[in-house]
Amino acid sequence: MALLKVDDLTVTFGGTPALDKVSFAIGKGQRFGIIGESGSGKTMSALAIMGLLPEGATATGTLIFEDAALPEDEAARAKLRGKRIGMVFQEPMTSLDPLQKAGAQVAEAMILAGHTADVRTDVETLFREVGLEPAHAARYPHQLSGGQRQRVMIAQALAGKPDLLIADEPTSALDLITQRRIIDLIDRLCTERGMALMFISHDLRAVAALCTKIMVVRRGKVVEMGDKLDVLGHPKQDYTKLLLAAGRHRARTLMRAPIGADLLAVRNLTRRFRQPDVSIFEPRPPLLALDDVSFSIRAGESLALVGPSGSGKSTLARIIVGLDRATRGELEFDHQIYHGPDLPRAARRDISLVFQDPFGSFNPRLTIGESVSEPLRPEHGAEFDDLSKRMVEIVKAVGLSPDMLSRYPHEFSGGQRQRFAIARALVTRPRLVVLDEPVSALDVSVRGEVLVLLNRLRADFGLTFLVISHDLDMVRIVADRVMVMDKGKIVETGTPATLLEKPQAALTKELIAAALPDIGIVPVL
Amino acid sequence: MIWFTAQKLLGLIATLLVAAAIIFVALDLLPGDPARFILGINATPDSVAALQQQLGLDRPPLERFVGWIGGMFSGNFGVSYSQGVPVGELIAGRLAVTLPLTILAMILSTIVGLPLGILAARKRGSVADTGLMLLAQLGVAVPNFWFGMLLVLLFAVTLHWLPPGGFVPWYENPLGSIASLILPSLALALPQAAILARVMRTALVDVQGSDYIRAARAKGLTMSEAVWRHGVRNALLPVLTILGLQFAYLVAGTVIVENVFYLPGLGRLIFDAINARDLILVRSSIIILVLAVIATMFITDLCYAWADPRLRDRRGE
Amino acid sequence: ADAAPRTDLRIGLVLEPPALDPTAGAAAAIDEVVYQNVFEGLTRIDQNGAVQSALATSWDIAADNLTYTFHLAPNVTFHDGTSFDAEDVVYSFGRITAADSVNAQKGLYAVITDVKAVDAATVSITLAHPDGLFLFDIGRGDAVIVAPESEGTNATKPIGTGPFKFVNWQKGASLALEAYANYWGTKPTLTKVTYVFISDAGARVNALLSGDIDGINNTDASTLPLFANNPQFKVLVGSTEGETLLVQNNARKPFSELKVRQAIAHALDRKEIIAGASSGYGVPIGSHFPPHNPDYIDLTGTYPFDLDAAKTLLAEAGYPNGFEATIKLPPVPYATLGGQIIASELSKIGIKLTQVNVDWNQWIGDVFTNKDYDLTIISHVEPFDIGIYADPNYYFGYNDPDFQAIIKTLNETTDEAARKELLIAAQKRLAEQAVNGFLFELPQTGVWNAKLEGMWPNAPVEGVVLTGIHWVE
Amino acid sequence: MSTTDAGPQRPTWLQHPSLRIGVIATLLFLLLGFVSIVWTPYPIEAVNVSDAMKDFSLTHLLGTDHLGRDMLSLVMKGTLTSFIVAAIAVVIGALIGVPFGLAAAAWGGPAEWTILRVNDFLFAFPALIIAILITTLFGPSAINAMIAVGIFNIPVFARVARGGALSLKTLDYVAAARLAGLGGIEIARRHILPNITSLIIVQATIQLAMGILAEASLSYVGLGTQPPATSLGLMLKDAQTYALLRPSLAIIPGLTIIFIVVALNLAGDGLRDLLDPRLRRIGAARGAA
């Protein structure tokens, strides 16, 4: 019989529904996965079960936990939270009290659940269990990395030994390797404790790897629900099919521009950052974001740069485009030496950057057109209508219509914005385009299109790409050559084929291992 | 933390020196002659000259500036032109009134403002909330000298509970001294309490919507438990900054309130000294005021760093 | 009710004295605390402005009116116990007339050529020329007798021979005196007197109403109605030596024109000015002389309030449609209020006034010292100061040989009848010349607890003389 | 301070209670003030002592003051002066403070440090003292009040501008602009300023309210507006000795001040609520400043 039974759950915000008559059940020890694009109502369903819906949200429908309806009254509900149902939240960075040490926060959860015996040692064991060192208990949240925080959160959720663990996208904010570790952790704990799991994600593979039953939601409605093998094996709904298709992007064969001489050469590049001391007692040496990096990109080539979070990828990108200054070393862009901001004016238009986050990269108060045309402003020589002609051309090229230019950013979806971001990067007809995780902020469903677009543009305009990513599949598609970076050092270089099949460096191996198995294949965990 | 403190301290000293220079120059520009003012309109020119020479007004500015700064470090502020008494003494005497006054006002505003702010935030949208916030609006809007007059009319003139003003020296009767500070500090505290209540409310409202409160509830805390255990501490951080800033407003307020309640405070000292062109006195009094304010800001910064581990690690502004 | 009447007193003062040595500062507040209370002179002025004996019980004047011989009171001691004798007198006057003297009224005593102790109880003073006001002048606060031992510390810890001795001074708040046990003269009934300094007018009212102070000898006339019909208080309205004037810069066009001055005189409605600037208290004056003085004559009718006359005079003077001028106003109610009223009165004859409010320093600097002004309003509180009009360099800028002649003879005359004639002539001359706009004699407006008696209603000299004040049940 | 979390659809300003009340009331007072430029029931220079301190009546709706001037006319003119003084003070503060704040945020390092120090100093310097000093230089006048309060406003605006700029500085679109080759000033004008104007407007309304209070205080101690001109503060000063004889003389200007300040604050809070909650927080903290 079911541990949790949800019937016709509806959540509305002042009339607009976030969840619409959702019904599902989770059995004891069962692993239940929910997937769906951003904004589809995944989090709301979890919060509704926890009784933590934000103000202004009204929920209807029945929630039955062990044959008893979950109580409305806050106090009674609170008794269930933690002890019976634990939850891991989507935002590890903000979900811990910044003023309290990690250990104390976990201990609190324990005491609340009634385990008052010898909390200190229990916390230590729990920390070990989730893969933290006991020393971390004495740290404040801001002194922990994202992955570590997420582990603290999990420890917190487990402290009350709940029967049901709700994990709301516990990994989406983390880098590949950490992601995999957390997923493995959750998997292990569930098996060890025989805990039921409600796992929320928009990453098909994560769900596939963890869950036995899957529910697909879209715009607050259940699209499809059933056994993992059925849903993933032979989906009935088009939306599910689309998701699956996007999930496994197939490398498309592309005609590529001929590869020429060195366009950009990077020599012994080093970037140091002064970094705050953890405390008076733990002073930290300056952080080497880039440590003596040397490589070169040839004209027409597409070079991929992969590496775990914090390995220095963005820093390198920022220096190449001239946003940041190298502490040591130099760059050479067709025979012009520079070190970052001193990139010659003339060369500026030949190098452009596509930002990681399409939402932050447009000024909300300017029309898309104004933003996209911004790089053209300094060009005094060019004729006005010539410029406008170029705009139209480029906007068409990214597959959007010029009349959109007069609209404002908030009127566009993430995918569209990213296209405009690419348009802005290309409007000056650059030769080298640096793309910092161009798709990682986008929904799976649109990632594919953008990648295809990139490949096409590269062919049409004969561009040179430096693509930053930690998504190996993407690398397979777009890159001629792959560079693996770790802790500011380049640890390995090679063609996707060789490097991904026979990795040399430990990190590369780890990265590849971390990549979740392809959907369809039942994971051996 | 050490680095943080050191850097803040450096800032404090720098600010003070800037202040000293600006004040000295500004005051030297002032027209009017202390000697002439002391002797009045029937004095003969030679007696005026005699007095100027006695007061050392005829020495060059730079010499006087260096003398002043040097004196300050050795705690010697020079001798007042108009009163012929060591400036240090005068200021000390006045601080014995102004300091307790501001501190009392600060305490009052805090113990009134914060709880009300918390109450309003917890009962957000309720009648209590709206009522409190309307009161707060009024509190901010009432000119404190005007409010002071009302207080006197009620508590001194009509009810005879408290003195209408004046100050009983501490050494004579401490209780009396406190009594004579109650009404003034009330007048000072009202607007500050109102502001505090509003800031506290906003801060707590923001915190209540935060992820970690939600996470704390997920651990098994009820909303109010979560707010008390995790919310209030976090909400107090912005309030702390305001507390620091408030001191400046209180100090500014004293100048007026001391007039309404004829208290022998630093504000009135400056006021009268400027009218008597007793520059040497004005200069040092103002520096003391500035010092007081900056020092409070400094202390708040430290408290802030102490209360917020994140700030401790960040190297200050 | 308690049997014995109270013997303590709390008096309000508008301004706090900067220091307490009356021989080294002009501030009226100094005299209000110490004059005749802590310090005494050879003579003293009584509440009718007449000269009385003080430390000098009697004196003889030589026939040539140049040498005065003073016989000092016996067994007088200073508050520090040191005894008072002729040497102290010689020392005190020496200090006043010395080259490096910082006495505010040094000019008045310039006439003294020699002071010497005939014996321990006798002093003789010699003058350069006869001076009708000499006995009065040495009765002022500026000529009180100080002891060489304590002279240096009088500013903060005054030591005199008076009926009250200094106890303590809480700077900015209050100052306490107590009766001096070994006072040589008739002992006062009050034993403890506290002066409370309250500069804020509103606060003064509250202090009186709440009984924080028992009285104040001079406060804003505007608050009197509040106390006038309140049985707990008595309002004492008396006279001061302050002639309140609309001062005109006689050295400057157009005020150098007699007709213009006359026109202004015609345009001033004293009744309204007194009502508005002084809440109706204060006696109108027609010249620079106090009405309560026996030698006073009423000249208010010289140029009666008459706008038509004023207009015609202006026209004759060549200003048919008036002119513009600025009026600089010191920070006192009678000036700021009077300024507004006069501005609106003169506007009726086409004279547009720009009102400029200045603080005392600026007034002393711009108006009094640099004579850079058209008009100003000020009350001249010096007793017998009609002589200032004889000084062509005075800030009035009034240079009139005839008047100067009158004053010269006056100063050398000691015969009472003759002096009276001269004084009347002087008053007339000023009135006719309309040197200044003569507005009203500044009233002394005191408010006291109804149970208090013996306060001076008038202020012939600056000061609050405590000797007579006592409580009645 | 009313609305809850910004829901999916924000209320427009008309739906927002405190903003509506605040703005309308403010406009009414402004109207009252500006009318007085062209018309007042009686000229306030016209002293007529004979009918001083008259009671409310049809001829004098709010009675007359101690010089027989019509109170209504005085309130109208007084409101105007108070507004003008406060407004100019705000302009001074914003025109100097904002650029400094932006500069501090843009340059960082020693420049920022210095600016912050000067800020602290200005802040530690009570407006009243500034006013006293200026007065001793140029004599008391409404102008001094403006300058004094204006100087006092500078650090406030500098802080706000800096805070806002810092939060925007790291955004990608600013980086994008730099890549596009825009200069610092250009970026500030095109990307930073437009995004912090809302913040600054909110601050301005708050400072306006404080300015009106400050003007009142200054005039009350005789350092502000001077007769024959008048301001609400000056009216309070004049009334202080008559307060008990004829309370209306003190109550009318007092209440007017309170109403105006409340109106302005309501408007400010309302605006803040309408804006991005992120800005709301910063604004709230400044609420005290």
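As written, the chain order gives the labels A, B, C and D, with residue 1 at the start of each chain.
Assume contacts are C-beta pairs under 8 Å (C-beta built on N, C-alpha and C of every residue); 3 or more make two chains touch, one makes a residue touch a chain.
In this text the structure is predicted, and so the values were computed from the model without any measurement.
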### Summary
Those chains that touch chain C and also touch chain A are B, D
#### Entry: B-C compared against A-B, more contacting pairs
B-C
### Query
Using the average of all C-alpha atoms in each chain as its centre, how far is it in Å between chain B and chain C?
40
### Query
So how far apart, in whole Å, are chain A and chain D when each is placed at the average of its C-alpha atoms?
46
### Task
Averaged over CA atoms, how far is the centre of chain B from the centre of chain D? Could you give it in whole Å?
21
#### Entry: Multi-chain contact residues (two or more partners), chain D
4-5, 136, 240, 243-244
### Residues of chain A touching at least two other chains
54-55
### Message
Where in chain B do residues touch at least two different other chains?
### Response
31-32, 149, 153, 209, 259, 277
### Summary
Listing every touching pair of chains gives A-B, A-D, B-C, B-D, C-D
### Query
Across the complex, what residues on chain A touch chain D?
13-14, 16, 54-56, 318, 321-323, 345, 348-349, 352-353, 355-357, 360-366, 371, 374-375, 377-378, 424
### Query
Given the complex with chain B, which residues does chain D contribute to the contact?
1-2, 4-5, 112-113, 116-118, 120-121, 123-129, 132-133, 136-137, 209, 213, 216-217, 220-221, 233, 236, 240, 243-244, 250, 254, 257-259, 261-262, 265-266, 277, 280-281, 284-285, 287-289
### Query
How about chain D: which of its residues touch chain A in the complex?
4-5, 7-9, 171-173, 175-182, 190-191, 194-195
### Task
Sort out for me which residues of chain B touch chain A in the complex.
1-3, 209-212, 214-223, 225, 229-230, 233-234, 307-310, 312-315
### Query
Of all residues in chain C, which touch chain B in the complex?
16, 18-19, 25-27, 99-107, 155-156, 170-174, 196-200, 202-203, 206-207, 209-212, 359-362, 364-365, 368-369, 382
